[in-house]
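You will see two complexes here that share chain A, one where it goes with chain B and one where it goes with chain C.
What follows is the complex of A and B.
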């Protein structure tokens, strides 16, 4: 078979260069993913050194249909979609606004770019701990500010909805920098000549944005939306760090962790590990992310083709 | 078209990461039952150990951590060439870390919560607790014939460390979790009597509220201190907690029957009215410091908090009482608690000699006594005494020490997340406002699990 890269060694070298990365992907990403599907058909707890006991689709049946726990799983699924919607739309909007602002030739823009990007380089644990301090309800910074307006709130420790919304805020804060940087990169690829031509033709700033900037930002829009949708559907670590196990707050990713690693009762001592069941929950999450991700990709590609040809 | 396929596969690759991801307590006393302590022969026999790194895993409890750091140094001095690599994890993470490190053969000695009641005959289709799973999996070393096991109260070893006739854990302590720490200065300054009944506690909190003094604090950020706090109320409603669990499973007791409803109302008052505003932000290990600041009248909590209170403010005057959850003073004599932590050894440890020497030396009566004093534990070793302020305060209650509900309870598979008697379900920690809401939700979620296994 003829290599598209040429004959002999020259044709083989590109494949050789790809091979290490491909092997790493197969071993550390695709392999565990396929194993997860296998585990989801068993009752493994991750400990017992015995052959896998296959129980068919019982884990899926339990996860989706058995008792009140199944209803809570469905609620967690809906909460995950709500989280995805809130994070994607707000992060996208704020990231675009920040990029537009920091793409101006103004004093201090580099400093602000660094400031907005700073949370991205912090780990989830650090992000969570910082916000725990911010949201400390006994005269913490946010509590003090709210107190000035006569508002008393338990913040993260309050109602499930309140805690959920605060985690949403932190998720947006922690990833806003990436969205902003991608938009900045997109903005800086737009030639100044196009803006200049639009101005000469009498376009206002608003018209310039909608008819020049926005269409040419399409690749950045696609990238940002896909990353944000998939990232927020999979997110769960901040829920763990910020609010731990609380009724009415879990997203699907957290359910996977809680079931697989014995964090379901809220108790520190009476835990059970259900890694087969957790794997089934993980596969359900995979299917959700896959459907939403592929649909979004399809729609965004069509949009790209329509706008850019 | 090819681009679309590649793009679709790229999305698939990105999302692929989505996958991957007989136990009744004996009546305790401050001095454990008399039993001859084993000699230190075992220690002598293992005095010369091969150089190695002993990997130890413990849960976070500041006084315990401090004690263990000191013990480790002495152990290393006694055994040149042996290094103790001790990891400390939050209590919530202990089970997960234990599981992963045992599976990775990355740990030798593990601090594990007690072997409490496992699956009972009336329970169907439940997942056994982790200790049972680990023992069944052969992940824990059989300690039955180790001499240092004899240093401990046989009843404690039987109830909290034995499974299928083999000893897998030496249990180090009993702890009470249905207690109330009293700020003696604030009670005196406000002329409030230390409560012996629920009505008196309610009246006391009202008096403090009138004086603008927070009545009670607790580590609400971690949630579990709130619901464990309510176990005193649960205990006053159902003194026989093993019977309660069986009754819930068999249907003779319901979470929304009159007795339970009264219990839920007290839990509501506890969470909503008694615990101070802002407690949702106080971590479990921050609550003793908050109490020791002297600004709060009571701390609802557990016996293991006492050393942290003393460390935070040595001159602070406090005492400890069994939680007055009942309107009858005589019913409030019980301290509900559990066997707490213990030592286990990984079955396939390459450092078996060092691990056993570690446990042996820890179990020496003099060392164990220092542990008891440092941690404020109710001892499980004969002759050890809890000669601290807590020990003196709790002594009258220890004859009525009982194992608490959470050590018996395993929920039916399919039960919802409200199938528990948790004060944390009420505002501000949760959503419920009335006792009836919580009672009905708890019974509904429990019944859903029971119905699913019919």
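What follows is the complex of A and C.
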């Protein structure tokens, strides 16, 4: 449809006003995003701009197949999938539980909701630094509490696996609020009459949940799963803040950053900016996100059709 | 209490059920709910209170027992962190980046969103799709870096701000909201001979204010909290936002946990204050556009 605000020159105004937003998006976001594929075929590195030099698929070959580094990359890929699985399932379950608890008419629910959401707005830097304080010092808070249960853990300072799992815990702690508020918004779209009708029909609380609440929560379930699957596959910033680049802990997103911006060895030197190689890693991550994301999307759509018709 | 809960759009709930429950008095489900909520509350409030407790300790006190409650209530850490962390300079930078980027972003995104929502431009559906696919695409990190290097904007404040002038989710939220504004207004404005720009500014803009506020806050929080791009693009201390400054500070004073805790608290404080006042907008920003239908 055309704008009703004049023809000729005046009719072009809407187009003119679309341009700034569109150009900014194309030049600084969409364009660079797609150009990652082009860069992955070059040996671009360092801090000085120079013409692109194409080297075919050499970056991919090195990333996936060459030597010990390739094995570490494959492990990083598997670790990324594990991270995604743990974060998605646990965050989903706890977020749903929190939302169900807060959807009751209980005093103080607003305060609880505000509290559980707080880490989301504090951002990764503060999320990470708060937990460093708890997870690093020996005899620190978490160490002491676990000690009460007779659990020994070196937490972030311990083995790669232990550090990885603690980062997973912090990731869930930090983002639970998002899952929770999306579920809460979904729960509030369910009319009270339906709960009431189920109760009159003699349904127990549990039956009420599985036969009324759960099917009607379908849109919120889909949204939460997609957001959290894609988000956790791409997330790595808490690893940076909590443990830096440590062998045996990296996820793919961190490999991209570390390779492309010279952070693998701890010290930054400009010739360690392996941008082409990093771009290849980035495309591998994109393929993983795409396959997992599209599969999840497909399964969730089928589930929606089955439940909602 | 109850009336304020009911007024909150995110916590409406079954009135009938409440009346019934009141009649029965306190039931086990309520007790159980509170027990679970308290456990979660301890997991969320605990770390933040512990942060405060640590900030109020002296270093020797912390070394002796990191967990015990502070006995000295030493506020010296805050003054020390304020001086050593270069806090005022970082804060000015962060405010500058967040404010400029958010303003420019909204100025560009608003007319774009109106045109898509109202179908004023041909190919509006393709435009919309461009912003939808953003969620799946590879991160733009590396070519973006090369672009800014070539533009000679590496380690400049202008270059850093340029990175934050797009936000596809914000556009989707705005389009969704503008679609709910009745179209009759467009016709009326056109008949009265209003020009397009006057229509945008005087008619649509005021009606879109809630969505604009939500998107503005969402975007500003993103810029405020950004760490990775600050790590990549800014090497001069004079340009650091607080996130980067805090990480550098951590590297230098890494073992002085009470000092670090004080710095983290001070840098979190503006966000917490903002959150207290704008909670409704912030939370709706994270749910808006995420639920279809």
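The rule we apply is simple: the second predicted complex is superposed on the first by the 273 of 309 C-alpha atoms of A that agree within 3 Å, B and C clash if a C-alpha of one lies under 4 Å from a C-alpha of the other, contacts with A are read in each partner's own complex, and residues count from 1 in each chain.
By definition in this document, a contact is a pair of C-beta atoms (placed from the backbone, for glycine too) under 8 Å apart; a residue touches a chain by one contact, two chains touch by 3 or more.
This one's a predicted model, so the numbers in the text were calculated from it and none came from an experiment.
Engineer: Looking at the overlay, does A:17 come into contact with chain B only (first), chain C only (second), both, or neither?
Structural biologist: Only chain C is touched by A:17; chain B is not.
Engineer: Is A:4 in contact with chain B, with chain C, with both, or with neither (first, second, both, neither)?
Structural biologist: The answer is second: A:4 touches chain C but not chain B.
Engineer: Quick one: classify A:61 as touching chain B (first), chain C (second), both or neither.
Structural biologist: The answer is neither, since A:61 touches no partner chain.
Engineer: Between chain B (first) and chain C (second), which does A:53 come into contact with in this model arrangement: first, second, both, or neither?
Structural biologist: A:53 contacts neither chain B nor chain C.
Engineer: May I ask you to decide whether A:237 touches chain B, chain C, both, or neither, giving the answer as first, second, both or neither?
Structural biologist: second
Engineer: Which one hits more chain A residues, chain B or chain C?
Structural biologist: C
Engineer: Using the touch definition from the top, say if A:207 reaches chain B (first), chain C (second), both or neither.
Structural biologist: neither
Engineer: Between chain B and chain C, whom does A:140 touch in the aligned arrangement: first, second, both, or neither?
Structural biologist: both
Engineer: Between chain B and chain C, whom does A:89 touch in the aligned arrangement: first, second, both, or neither?
Structural biologist: Neither partner.
Engineer: Chain A residues touched by both chain B and chain C?
Structural biologist: 25, 29-30, 32-33, 36-37, 47-49, 132, 137, 139-140, 230, 234, 253, 256-257, 261, 279, 282-283, 285-286, 289-290, 293
Engineer: Considering only the defined contacts, which chain A positions touch chain B in the complex?
Structural biologist: Residues in contact with chain B: 25, 29-30, 32-33, 36-37, 45-49, 62, 66-72, 132, 135-140, 143, 152, 154-160, 226, 230, 233-234, 244-248, 253, 256-257, 261-274, 279, 282-283, 285-286, 289-290, 293-294, 297-298, 301.
Engineer: Going by the contact rule at the top, pick out the chain B residues touching chain A in the complex.
Structural biologist: 4, 7-8, 11-21, 59, 91-92, 94-96, 99, 102-103, 113-114, 116, 127-130, 133-134, 136-139, 220-224, 227, 277-282, 338, 406-407, 409-420, 422, 424-425, 427-431, 444-445, 448-449, 451-452
Engineer: Show which residues of chain A lie in contact with chain C when the two form their complex.
Structural biologist: For chain A paired with chain C, touching residues are 1-6, 10, 13-15, 17-18, 20-22, 24-25, 27-39, 44, 47-49, 97-98, 101-107, 109-110, 112-126, 129-134, 137, 139-141, 144, 173, 177-178, 181-182, 184-186, 188-189, 192, 195-196, 205, 219-220, 223, 227, 230, 234, 237, 240-241, 253, 256-257, 260-261, 275, 278-279, 282-283, 285-286, 289-290, 293.
Engineer: Using the touch definition from the top, list the residues of chain C that touch chain A in their complex.
Structural biologist: Residue positions touching the partner: 1-2, 4-5, 8-18, 21, 29-30, 33-34, 36-37, 40-41, 43-48, 50-51, 54, 65-67, 107-109, 111-115, 118-121, 127, 130-131, 134-147, 149-150, 154, 162-163, 165-166, 168, 171, 186-187, 189-190, 194-197, 199-200, 221, 224-228, 231-232, 243, 246-247, 250, 257, 260-261, 264, 267-268, 271-272, 274-275, 279, 282-283, 286-287, 290-293.
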